[in-house]
Amino acid sequence: MRLYFAFLANEFQTNLAYKSDVFLKMLGRVMGLFVQAALWTALYHNTVSAETNMGQIGLNDMINYVVLSTCISIMVNNNTIFQIGDKIRSGDIGLQLMKPVSLQTAMLFQAMGINASRLVFELVPLVAVAAIFYPLELPPVQVLPLFLIALANGFVINFLLAYTLGLVGFWYINIYHLSRLLTDVIKVFSGAWIPLWFFPQILTDLSEWLPFRLIYFSPITIYLGKTDAFDSLMIILQQFMWIGILVLVAKFVWHRGISKLVIQGG
Amino acid sequence: MNSLRLYAQFLSVYFKSLMEYRFSFFMDIFIQFTTYGSTYMGIWIVLTRFESIGGWSLYEVLFLYTFNLLSYGICSLFVWSPMRQLEWMVQRGEFDGVLVKPMNPLVHLIFRQFNQHFLGHILLSCIVFAICFRHLDIVWNAANICYFVLALAGATAIQAALLIISGSMSFWFVKSNSFTDTMIYSFRGFLDYPISIYSKWIQIFLTFVIPYAFVNYFPSQYFLGKEGSDLFHPFFRFGTPVIGALLMMLALFVWRKGIDRYQGTGS
Amino acid sequence: MSTLIKVDHLRKVFKRQVRSEGFAGTIKDLFYRRYTDKIAVNDISFTIDRGEIVGYIGPNGAGKSTTIKMLSGILVPTEGIVEVGGLVPHKNRKQYSRRIGVVFSQRTQLWWDIPVSESFKLLKYMYRVPDQEYKRSLELFSDVLRIDEFISAPVRQLSLGQRMRADLCAALLHNPDILYLDEPTIGLDVVVKENIRDFIRQVNQERKTTVILTTHDMSDIEKLCSRVIVIDHGKIMYDGALGELKNIYGTGETMVIEAAEPVRRDELSLPGIADLACDGKTVTIKYDKTVVNSTAILKTLMNKITITDFVVHPSDIEQIIRKMYENPLPAAEAAASSWGGKIG
């Protein structure tokens, strides 16, 4: 266990070193926030609130949604897929077989380290800046624990998706392509950019079958109080279910990948 | 001219090496479709649900967005890779090799490569433009066609100039790529929608400080007949070619200064 | 008398940022930067004639690379004159580049992913090399460097030795007047080194190409150069015939002996040697071969210890320079007499 925490601490420190990078990234995010907020303000110009299956969604909801989405992206995004891709390409992945450490767990903790540092150095400043310009809301206290659990689960789901796709690197070398595809799919179906409320029926139905909304859309709806306790628990349950599925898929891909490696060589 | 034949030579060599990885080549282009396609889809989703963005309808917003994408795609074919590579070339002293060749260094860097990824941007843009034109009432007389080409050229020049200026930062600062990311991607993000939806200060910034608004907003205002733009005088709509030329001159000046610095201080 | 390269009172000063100590210092540095001058090249002058092969040697950080960069037009001098064939390298860069070839160690100027032959073709176009000349050059390269063996491979697949050969050819494709080589044989094995040296010699003889070569490796100098310029801390220490240099300063030798059993220093007494060091079974002896020769030393030693192996190293550049610091005057006199007054 100690070992895993060492991974976490390491990544935390590494991230700290690149201060100017962090500042510039934050600047970029703040600008992105301005763009999104302006977009929704313009869209709501002639409407006070929009009717959706979760009740009325007003401009204020959307502003908070946008900020939350940006925050979640800071908390779940990391370079896991590239780390794995690099390991496979360089052949280090073979060394992994000889270590008493599970790659998946090690990578998970590394990811947690990265995101923990981003939480401190990127999220806090972002929220501070956002709070100056926009009316941010805090959720009612009873919602908070459910929200945090959903957030954590969302992180794990995102990690597993990145990890599994990274393992596809055993067969398809160009990790960059895989990463782009994942990002694009998540952008649409997770509600990270446009909430699922506004999707046409076909897309909403499609999203129900996919795990992506459980990373962004669902946790945000919990925070905004758009779901009652029952719905929130359902969301969390679905998250656990998907985590289970993805862990199995990852295991499967790993075994296939490793046997390919062992039989065919690097 | 001899330079063109030289460029053709470079390109044929580059494509030969690329064809080794045929599938990768097509994937490079395909992922542009997924990325920008999903953005287009998002715009379609919101504008089906809501009426307009700042008074701009669906096809008008698509026109605006595509003008940006197309000019970016064209300029990046030539200028993106060299400017990004500059950071490590300067760091590792690889830039020396460029200076001992009998060619203008900027031209040399551009000739050396050709970033086929951006063919995806261009292809997609053309498709969307074709769709937009059928739904918009733009009169395609000689003058308008002329100006469309000029404005596109100007927009491409603006994008190229900003990329070159960002890349030139490598001659002065170490981590220029992060700086470029912010300048190019983050600021350009504002162009996704008509800038009239932003605060006055942002609009002024995007017009007078970093003239991104000239890339797509002002030309679109002209072609889409957008009257009543509160902040800026109508003749700004014709500013794009001029701004493009001016900014390009500035970019070449900064680049020149960057090389002088490299030759003065080494790597 | 055909002076090709003229360097006169050349100086290159770099500004280096001085970093302050401690946390408070880092903050201060954000607002107020202090710079210090680092003098890389400090008032050097020499001329080189067409067709010479000149070795430009010195320890690391002596200013060798900086000089080459100024000669090839990459760096602009702080002070002084650089004139090559009537052109000022950094001022007439494009025109000048057509007439020079440069090879940097550890960096290739070829395109990474495409076959070497394609890189050559590109260079042919870039330098506007006539077809006949191009063919003749390729034939020469195949004959001497056997470049035809790997010319269709992309550069990334080549070994270091092959890459260096390919870079050398690339630099000579357009028949330049001058070839600048910056540490060309670093990391190469002996066979490849020999091959490259032969090639350079042949090119110099056939094409009268002037060659300036910086190196750390004395054997490069031995095999190729008749004239050497020694530079240290940005100043020229010696400019003249190699033979003279060795006679005056290169007389030091180092003998390394492996004994059958560990040796103690006080067990051995060797008259006339400069230095003696014992480390377990290894004995390192430094001496001047004009004072006592290796045979005598070995004879004395064999009476006292059992020798299993020994090796004699000639002076390396550091030793020569150290000696130069100790006795500068004879160099000036010797060089002046053998080279007609061309010293810095």
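The letters A, B and C name the chains in turn, as written, and every chain counts its residues from 1.
The rule is short, and it goes like this: a residue touches a chain if its C-beta (ideal position, glycine included) is under 8 Å from a C-beta of that chain, and two chains touch if they have at least 3 such contacts.
A quick note: this is a predicted structure, and the numbers were derived from the prediction, not measured.
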Common touching chains of chain C and chain B: none
Chain at the geometric heart of the assembly (C-alpha centres): B
Leading chain pair when contacts are tallied as C-beta pairs: A-B
Where chain B and chain C are represented by their mean Cα positions, the distance between them in whole Å: 46
Intercentroid distance (Cα basis), chain B paired with chain A, Å: 30
Distance from the mean Cα position of chain C to that of chain A, given in whole angstrom: 55
Multi-partner residues of chain B (at least 2 other chains): none
In the complex, chain C residues that touch chain B: 14-15, 66, 69, 72-76, 90, 93-95, 97-98, 100, 102, 104, 107, 109, 111, 113-114, 118, 121-122, 125-128, 154
For the chain B and chain C complex, residues of the former touching the latter: 2, 5-6, 9-10, 13-14, 16-17, 92-94, 96-97, 99-104, 112, 260, 263-266
Contact footprint of chain B on chain A as seen in their complex: 20-21, 24-25, 27-28, 31-32, 34-35, 38-39, 41-47, 50, 174, 177, 180-181, 183-185, 187-188, 193-194, 198-200, 203
Chain A-touching residues of chain B, taken from the complex the two chains share: 24, 27-28, 31, 34-35, 37-38, 41-42, 45-46, 48-54, 175, 178-179, 181-182, 185-187, 189-190, 192-193, 197-199, 202
